[in-house]
Structure formats: structure tokens, C-alpha cells
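Dropping a structure here in C-alpha cells format, bear with me for questions.
As written, the chain order gives the labels A, B, C and D, with residue 1 at the start of each chain.
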Amino acid sequence: MSDFKISGVVPPVVVPDTADHQLDVPSFERLINYMIDAGVDGLFFLGSSGEVVFSTDARRDEVLREAVRIVDGRVPVMAGIIDTETERVIEQGKRAEALGVDALVATAPFYAIGGAVEAEEHFRCLHDALSLPIFAYDIPVCVHTKLPWKLLAKLGAEGVLAGVKDSSGDDVSFRYLCQENERLGHPMSILTGHEVVVDGAYLSGADGSVPGLANVEPHGYVRMWKAAQAGDWATAKAEQDRLNDISHIFDVTSGLVGYAGGVGAFKTALMLMGIFDSNTMPRPVKAMEGANVEAVAAVLRANGLL
Amino acid sequence: MSDFKISGVVPPVVVPDTADHQLDVPSFERLINYMIDAGVDGLFFLGSSGEVVFSTDARRDEVLREAVRIVDGRVPVMAGIIDTETERVIEQGKRAEALGVDALVATAPFYAIGGAVEAEEHFRCLHDALSLPIFAYDIPVCVHTKLPWKLLAKLGAEGVLAGVKDSSGDDVSFRYLCQENERLGHPMSILTGHEVVVDGAYLSGADGSVPGLANVEPHGYVRMWKAAQAGDWATAKAEQDRLNDISHIFDVTSGLVGYAGGVGAFKTALMLMGIFDSNTMPRPVKAMEGANVEAVAAVLRANGLL
Amino acid sequence: MSDFKISGVVPPVVVPDTADHQLDVPSFERLINYMIDAGVDGLFFLGSSGEVVFSTDARRDEVLREAVRIVDGRVPVMAGIIDTETERVIEQGKRAEALGVDALVATAPFYAIGGAVEAEEHFRCLHDALSLPIFAYDIPVCVHTKLPWKLLAKLGAEGVLAGVKDSSGDDVSFRYLCQENERLGHPMSILTGHEVVVDGAYLSGADGSVPGLANVEPHGYVRMWKAAQAGDWATAKAEQDRLNDISHIFDVTSGLVGYAGGVGAFKTALMLMGIFDSNTMPRPVKAMEGANVEAVAAVLRANGLL
Amino acid sequence: MSDFKISGVVPPVVVPDTADHQLDVPSFERLINYMIDAGVDGLFFLGSSGEVVFSTDARRDEVLREAVRIVDGRVPVMAGIIDTETERVIEQGKRAEALGVDALVATAPFYAIGGAVEAEEHFRCLHDALSLPIFAYDIPVCVHTKLPWKLLAKLGAEGVLAGVKDSSGDDVSFRYLCQENERLGHPMSILTGHEVVVDGAYLSGADGSVPGLANVEPHGYVRMWKAAQAGDWATAKAEQDRLNDISHIFDVTSGLVGYAGGVGAFKTALMLMGIFDSNTMPRPVKAMEGANVEAVAAVLRANGLL
């Protein structure tokens, strides 16, 4: 069973780009410090919203190197090692380990069609080849495989997995996973990536959250976690409701799908708030412009963030 | 408009592994020669069934280096440069170009959620950054984006794409693409990956095929192409029907899904036929064993291949 | 805005069949009384688990007639009027109205491919043609259309819809719907059908629940509702956790998919508990037998229900 | 094994509505005669594009009664008996039988989640309860179950099914079905609903087609069938290509999805051609208007149909 435990708010860090698609280190530093100062409990780099699949290996190394330097031990650093199949993911993991992160986050294998048999073997291979604690990243919307909760629980009990980062959108499966993890002695740290219903996930027994929206407003997520810890669910719900008002930066724009509208909204908000110098997106995604930027700004203003 | 034209049978080459997951060069050489001797018109390396997403960058380079050496100019070499998003695919493309292949094959971007806007920009970026002709690989079952035929035709007419390798399973869209390509002066070479209905694809106007089953039985595909070229559709259909009898190596096994059952059947057949030394699969996929190997052998025997 | 308000626990009533597929009225009466005696706040007949799509029109009428007779005004009666497209649903609604139910529940149109435009027009037509309050039943797993929360909120504010029965499995959309309904003055009663995470739905602001599992164990759902109403979330969570242990009747069987495993587990449990005389399923679904019945019994025993 | 055999072109008949949503009998008669005069080999009423799921039972009866009267034995009449689950479909079948049609067409059960086990039992129940030959209508886009070709072949060999109407969009499965049907002695008549690649389906071994576009242009489909029968595949392909040019009535409109754009295009074309008096659609679908009507007209003019 893994010794690594993490709980609380662990935002997936959005990555700022310069106009010519280089890593914008000063903006990155401002964002990291903004969230640590707000009291987050960890940071997750190279997640889906952290441009991991858009980044070359050299760029991934640069992101992690700068992240470790800037964080400087203030909170644990989790690193996504996302790639298609086992051998490639192991390579990503070895490079991340060399850069001084604290835990690794890997998805089910993707592109080739497989199932639970391949997913299980994949995580076993990662565990054998790597030294750091491994979190399973359950994100079927990107990898098109749902990790079964019974498999996750088994791998946790055996010490193959240190935890789960759940972005499955399946709150039923999440609840069963939390209950089974508890029954097994709580071997895993279970984090929800579902930023709009974090209060419910905490009530279900989650150990923490990985809310993308915490890039924009970390304070509310920190307060919600403290309220939930104290059993003050009315406050937790009120914080979540307020954060959800801000989350409409996702749905007030038009003509954008998926990453362009989601991470694009984060970057645009951070630019408007002065934390990022630009809202440049990684190729082939276009940055928000014109009326869409205005729409995001209106939501921020209505919620006191501008 | 691209000068690169290809037609006829261009099998996606299956890759042999040793028991410890190294490239089995002698088996690879036997397979390549088997297909060239049978009269195929080109070879496609590092396709979906060519282990591309299972292979590290070093392994991809090794596969292409050996492929170019073994083929030695006898037929054109197409190379898959499959990776998640634009910058990573460009890197794969530059390495492939340096290794002496003749054309590149790239899918729509995957993992991050996007749409036709991102797909179009992606292929434009690839075209700008790379020198060799680029084929769009339309494989929604793996990348979960269908490339619209109107977009493909437009990119062909503008010279961004030299061709399309269609594994979409959408024969309606394929027909429209062939008709539109014709209307535009036939700028693209359009290849079907649909090995079980190649005769119908030829009738629809396809320039050629990329049949995985041609690893096992290339002669029938070569004869079918010649018959179709001659307008002898009864013979083309008869060849396809016979090949389809062999294709049941896909569905006589049990307990295997996706890659394990599909490419696993190819490798097992090639092992049984003495072309491969083993049917080892790339991690995390398990090789076929026992009754499944027997079931594949029975199909081969019934069709005169053993 | 509709005058009809409902809150609390409103189970979707499972329907007992005799061996020759007739309505088993004595068993039906036992089940209805079991739930009303446990303190449920309403009953929903002819829902997805109430065999609505398996029942001829004559059988639907019989179910509603007996339901109204047995309930006898003790709790409100909601009736599913589920059919493919508008004219057929209106006919179902008129017949249900004539039988004395209190509210109607209709899905988005299904079978023909459509979108939000057709869904909106559909509910407007139902509202024009029918007199009773109408609940939208959001169940994309059956009808393959997700009702957008912005559309539902709009139709609620205009008085077209009296409420929503959400079985979408999309807790993010559900949360937004609850928040928007509140902002609009709470025109709709919003019920969750998500029996395993009802506590979280209540925390999100749901007015009540429609839990299939309450056929088997209504008392826990009644206690959970009271705890949530009192702001005692720790008790609500504990009740949910205990109910979830019982809910494993869904996943301890093998060889059954969908309805056969889900509603089959309810009927089998009710048979084992002596409430139903048989676990006969409607054609073409087969009843659970042998080891599967034993597996359900084991779960019930472990949880004190046998 | 069924005695009923059908081959050639069997269009699914589109149904004309008056402005107040009544059956427009004179328009219906013009359309039926237009297609019979063009030489079609049968007519399929109450198919997906024949408004079956939009029609009340009374309306379905009216459609079949008028159809049988107008056709008057000139060609066989096939009737869709589409409803959700077994008992309801049997009722539809008995009413259709009483109205004098020649064969029945039923889909897999839908709405309730099931699988191949339920589909098999469903068709066996229909066969037991009904007298006329039964065709399986494989249309996963509407019913969300794909009928496996091995199951269809087995049911054909046993005489449960007289044929298959394939609208699955899965040309691989279709080819396997045709080959297996041949191997079994051709017990079933296999018809493709894939109007844009009918030539390829004929080459695959189909006995005929059910092309919606034949409502607009039956002559080309009749000529294509004759060419295919004669082994003149070049002519068959040329006819298909020309029909496909007309089929762009599906994709020149904007703002319409699914049924509204597909059947809407047929009705609009028939109105423009003077066969229908109106292009009224069944509720909740809106009729095409303005620029969309113009766009359809432009396609018809470009192809000599106006």
C-alpha cells in the first residue's frame, strides 16, 4: 500500500503560452503563487488542461522543471505522464521522476482499442517500471475507456495505485469507489475532477478535488474544503454555488468546442485578471477573441473577479 | 496539388516482436519480402496495426530505418506519424522524413476534445512544417473524430493533403469523397482501409486499399486490384469473398477485444505460417494462446494457408 | 407556472407479472402499501422500471386504474406517458388523464433522430394538448437525447413544465438546473432518479428523488429525505451508504444486461422478500434464475432484508 | 424457411401530410403511382421515413389501408410494425396483418436497455404470434442495438426471419451476412437501406434495396438494379453516382438535424416536383422553409428534376 497520501484542493495547473508558443515563465510563476497563496494543498501539472498532449517531450520537461523550481516544496507536485500505450507512458514517467516531482498520474491506454484487461496490465507495468506513487486518471471523455471501480479498488489494495483522479463524470461509480476504498482500509487518495459538484463528491467520501476552475478562483475551493472537513455542508454548498456562477465562463461563449471553450475560458479569464499575459492556446487550437473575451469578462465582473 | 500518387494494394505492415519486446528483424524482413513478392504496390509502416502508438520514439525510428533498408526502393514507403496533437505530430514527421520514407500519414488530433476547426488547422500546420506528402488517416474508432469529406476534399484541392487513408467505416462519406475528388480533378490518392469490402470501395472509385489482411494473404488483394482495374467485377467480388473467409480469424477467438483480437490474429496467423517467429504482442496486450491459436489455425487450414 | 408541487421520495413502482404475463394485482397491492406505509411522498407508475414500454395500451390502462384504486389518494400518483413521438404521447396522456392520475411524465421524443428544437416543440405540444402538470423525464440512456438544462429551465419558467425527473447521469447539468430553477423562483419540482447518490442530489438542491431501489427498501430513502431536510448531512450520507450496500443486487449477477439485470434484481428481491409472488419479466426479457437469484438473496441477507 | 422472396427496388414510402396533419390521400396516390410506374419491385410503408413512430395507431391503419387500396396488388406491400417492445410490436403486427399487407418489418426492441439475447427472443416471439413473413429491420441509429449478422443468419436458417432490411451503416457486417446467407442456401431476402452505395451492396450480394431517395428519383434505382442484374457494373456505378448528385438535397440545407433534414428534404423535393401538395412534417418536426427550400430546388434543377 502506498505511503503517499494527499487530500484537499489540488488544482490542475493551466499553462501560459507566449504569442510564439513558448512557455511564458513569469505568467506561470504568477499563477502558481496565486494558488499556493490561496491555500491549495497540492498542484497537478501536465494534466489534460495543462496542455500535456499538446506538449513535446522537451516542453513537458520544461514545464515540470519550472514547476518544481517555482513550487519549491511548498506543496506536493503531481505530474501527468500521459501518452498512448505502456512503453511510451513508462518513458514519460522516467523523465518526470528525474525532474523531482512527488507523484505520477497516468490514464488508461488509449488510441488502440482495448478493455479492462489491457488497463489492468498497463497499470501493473507502470508500477513495476516506475518508483513514484501512481494515480489512475479516469477520463473516458479523452481516452474512451472507463476504468471500472472494482478494478481500481483492487489495484489500490494491492499497492499498484496510490490513488485515483476521477474525471469520469460518473458519480455513481465514484461513490462505489469511495465506499469500497473505505472498506479496504482507505489505501488510496481519491480526488474528483468534477469542479461543479465538488461538495457532493466530498459528501460521497472524496479525499480531495482537482478543480480546473481553481486556477481562476482558488479561494472558494479552499474554503469549501475546510467547510466540508468541518461538517459544515451548508457552507460547502454555498461556496460551490458561488463557484458555479463563475463556471459559466464555459458556456457564455459561442462557436468553440471542447478544449477551445474550456481551457480557453481559463486562459482568457487569467489574462483578464492580469495573471497571464496572453490567452494564447497551443496549436491547433485558436485563442478566444472579440465577443467571446467580452462574454468571459462579463461573468468575471458579475462575480467580483474583475 | 501534390505530385505524389499511389494506387493499388498498400498493406499496413504488422510488426514482429521478440519475446522480450524487441523488433524481430528477420521476421520483419520475411513479411516485407512476402508482400512485395506477391506484387503489392506500396507498404504502410507504423499504422494502427503497425504498433505505432505502442512504440517509443526510438522504436519507431528503428522500424522505419529497417523498413527503408529492407524495402530498398522496390515500392513506395508510407509512414504513420501518429501522435496526440500538432507539435508532437510535427516532431514525429521530421524524424520520419530524416529516415527516408516517401509519404507521411497523420490522423486528426486526439485526446483533447476538438472538432473540424482544429482538424483543419492541424493538417495545415503539418503541411507548413513538413516537406513530404501528407495523407489524412481517417480513423474515428481510434481518434474519435470523423474527418468530414468536404474538409478532406478542400484540403486536397489546396494541396495540403496528398491523399486519404480511410478507416472510418463510413462508406457513404467515402463515396462522396471519391466523387468530389473526381470533380476536383483527382488531386488526392484515396485508399480504403476496409479490408472486407475493398471491391465495393474500388467500385466507389477508390485509388487503392490498405488491407491489414494482406499481411496474411497479399496475393488475393493483388488479384482483386488487377480484376477491378480490368473492369472484371465478378472476379473482384470472388476474390473478396475468398479473402473474407480468411478474415474470420478475427471472430473465431474468444475473450479478446479490439487490438488483442485483431492484430493478435494477424500475428498468430503469421507465426503459424512460419513468417513470424512469435505472436508476441506489445505491452499491455497479451498474445493469443491455446484454443484461440487453434481457432486461427483452423481458419487458415480451411482456406489452404496451412 | 404550475401549481403542482411535489417533494420527497417518489419511487418508480415496479410491476409484478404472473407466470403468463398478466398483471398480478395482489402483489402490486402489497408493494404499493409497503411503500406508502414506509412513508413515501408519492408514487410514479409506468416509468422505465414500471414496464411502460413493454405494456400494451390496455395493460397501461390496467396498471393506472389499479394504481389509482389502491393508492386511493394517500399520496400523489404520477404516470409515465412514454411513447415515441408527439401524437402518440398525447394519446397516452389523454388516456392517463381519464384514469385519474395527478401528473404526467414524458420523455423527449425518440426513435427518429432529432435535437433540442424538436424536444422543445414536443413539450409545448404536450402542454397545449393536455391538462395535467407535465414533468420532463430526462433519460438519455433510453431516448438518446439529453435535455439541455437551459431549455428545461425556460420551459419551467413559462409554465410548460411542472418539473423534471432526471435520470441523465449528468450531475453537472443537474446542479446547473437546480441553481437556475432557484434563480427563476423555483417554478419546477426537480427530482433525481439517481438512487445511489441521492444525498448529493439533495445537497445540490433537488426537491426529491425517484429511486428504483426504494421498491426494495423505502425506509432508508424516507429517513435520508428527513435527514437532508433537517440539514443532518452526516445521517443522510450514512443512509445512502447503507442503501448502496443493498444496491449491489445490481452487480452481483452475471450474464444479464440492462433491464434484465436492473429491474430483474428488483423483482427478484421483491419475490425473495415475499412481496411479489414471482420475478417474471415482460417479454422478451428472461427472469433471473439459479445462481443469480442466490446472489441477490445473499446481498439481501447481508443487509438484513431477508 | 420462408416462401416469401423479394428482390430489386423496394422504396420506403414517404407520407404526405395536409397542413393540419391529416393524411393527404391524393398526394399519397400520386407518389405510389409515380414509383410503380417507374418499375419498382415492391413498396415499404411505415418505415422510419414513412412516419411510423410519429403516427398514432389509427393513422398507421389509415396509411396501410390506403396503401393496399392504391397499390392494388401491382407490387408486394411491406409494412413496418415498429414499436418499443414485444407485446406492443405483436399488436402492431396483428393490425397490419388484418389490413392485407404481404410482409412485416420489425426492429430490435428499443428504449429498455437490452442486448442480443433480448433481440433474439423478440424475433422468436413475433414469429410465434404472427403469420406473415417477418423482416428484421437493422437500424441501430434509431434503436441503438446492432443486430449481429450471425444471429440474423441463424434466425433466417430457422425460418424465424424471411429477410433483413439493413440500415446499419455497417457494410462489413452486411457483407458477412450476405456471404453467410448464401452459404446457408439463401433463406433470406437481404435488402440494403443505404441509398448512396447501393451498387456496392449489390456487388456484396444484396437481393435488393430500400432507398429513400427513390421517392424522388425511382428511375435511376430501377436502371441500377437492372444493370447490376446484368453484371454491368460500370452502368450501375454511373447510375449511383448520378443519384448521389441528387442526394445532396440532404446536405445543402442548414439548421436542421436528423429527420427534419432527411425526410424533410424528400418531402420538399416532392412538393417542388408537384407530387406532394405540401412539405408539412409530423409534429414535433418543422417543415423546411425559405432558403432551405431554395437549396433543395437548386439541387433538383441542377439534376434535371425541375
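Simple rule for what comes next: contacts are C-beta pairs under 8 Å (C-beta built on N, C-alpha and C of every residue); 3 or more make two chains touch, one makes a residue touch a chain.
Bear in mind the structure is a predicted one, so any value in this text is a computation, not a measurement.
Listed by label, the chains that touch chain C and also chain D number zero. Averaging Cα atoms per chain gives one point for each, and the point farthest from that of chain C is the centre of B.
Over half of the residue numbers found at the chain A and chain B interface occur in both copies, marking it as a same-residue contact. The distance from the centre of chain B to the centre of chain C, each centre being the mean of the chain's C-alpha atoms, comes to 49 Å.
Each chain gets one centre point, the mean of its Cα atoms, and the points for chain B and chain D are 35 Å apart. Under the contact definition stated at the top, not a single residue of chain C touches 2 or more other chains. If you sketch which chains touch which, the chains form one closed loop in which each chain touches exactly two neighbours. Counting only pairs that meet the touch rule, the chains in contact are A-B, A-C, B-D, C-D.
For chain B in complex with chain D, the touching residues are 169-172, 175-176, 179, 194, 196-197, 199-201, 203-204, 231, 233-234, 237, 240-241, 244-245. Chain C makes touch with chain D in their complex at residues 21, 48, 53-56, 59, 82-88, 91, 109-115, 117-122, 124-125, 141-144, 257-260, 262, 282-286.
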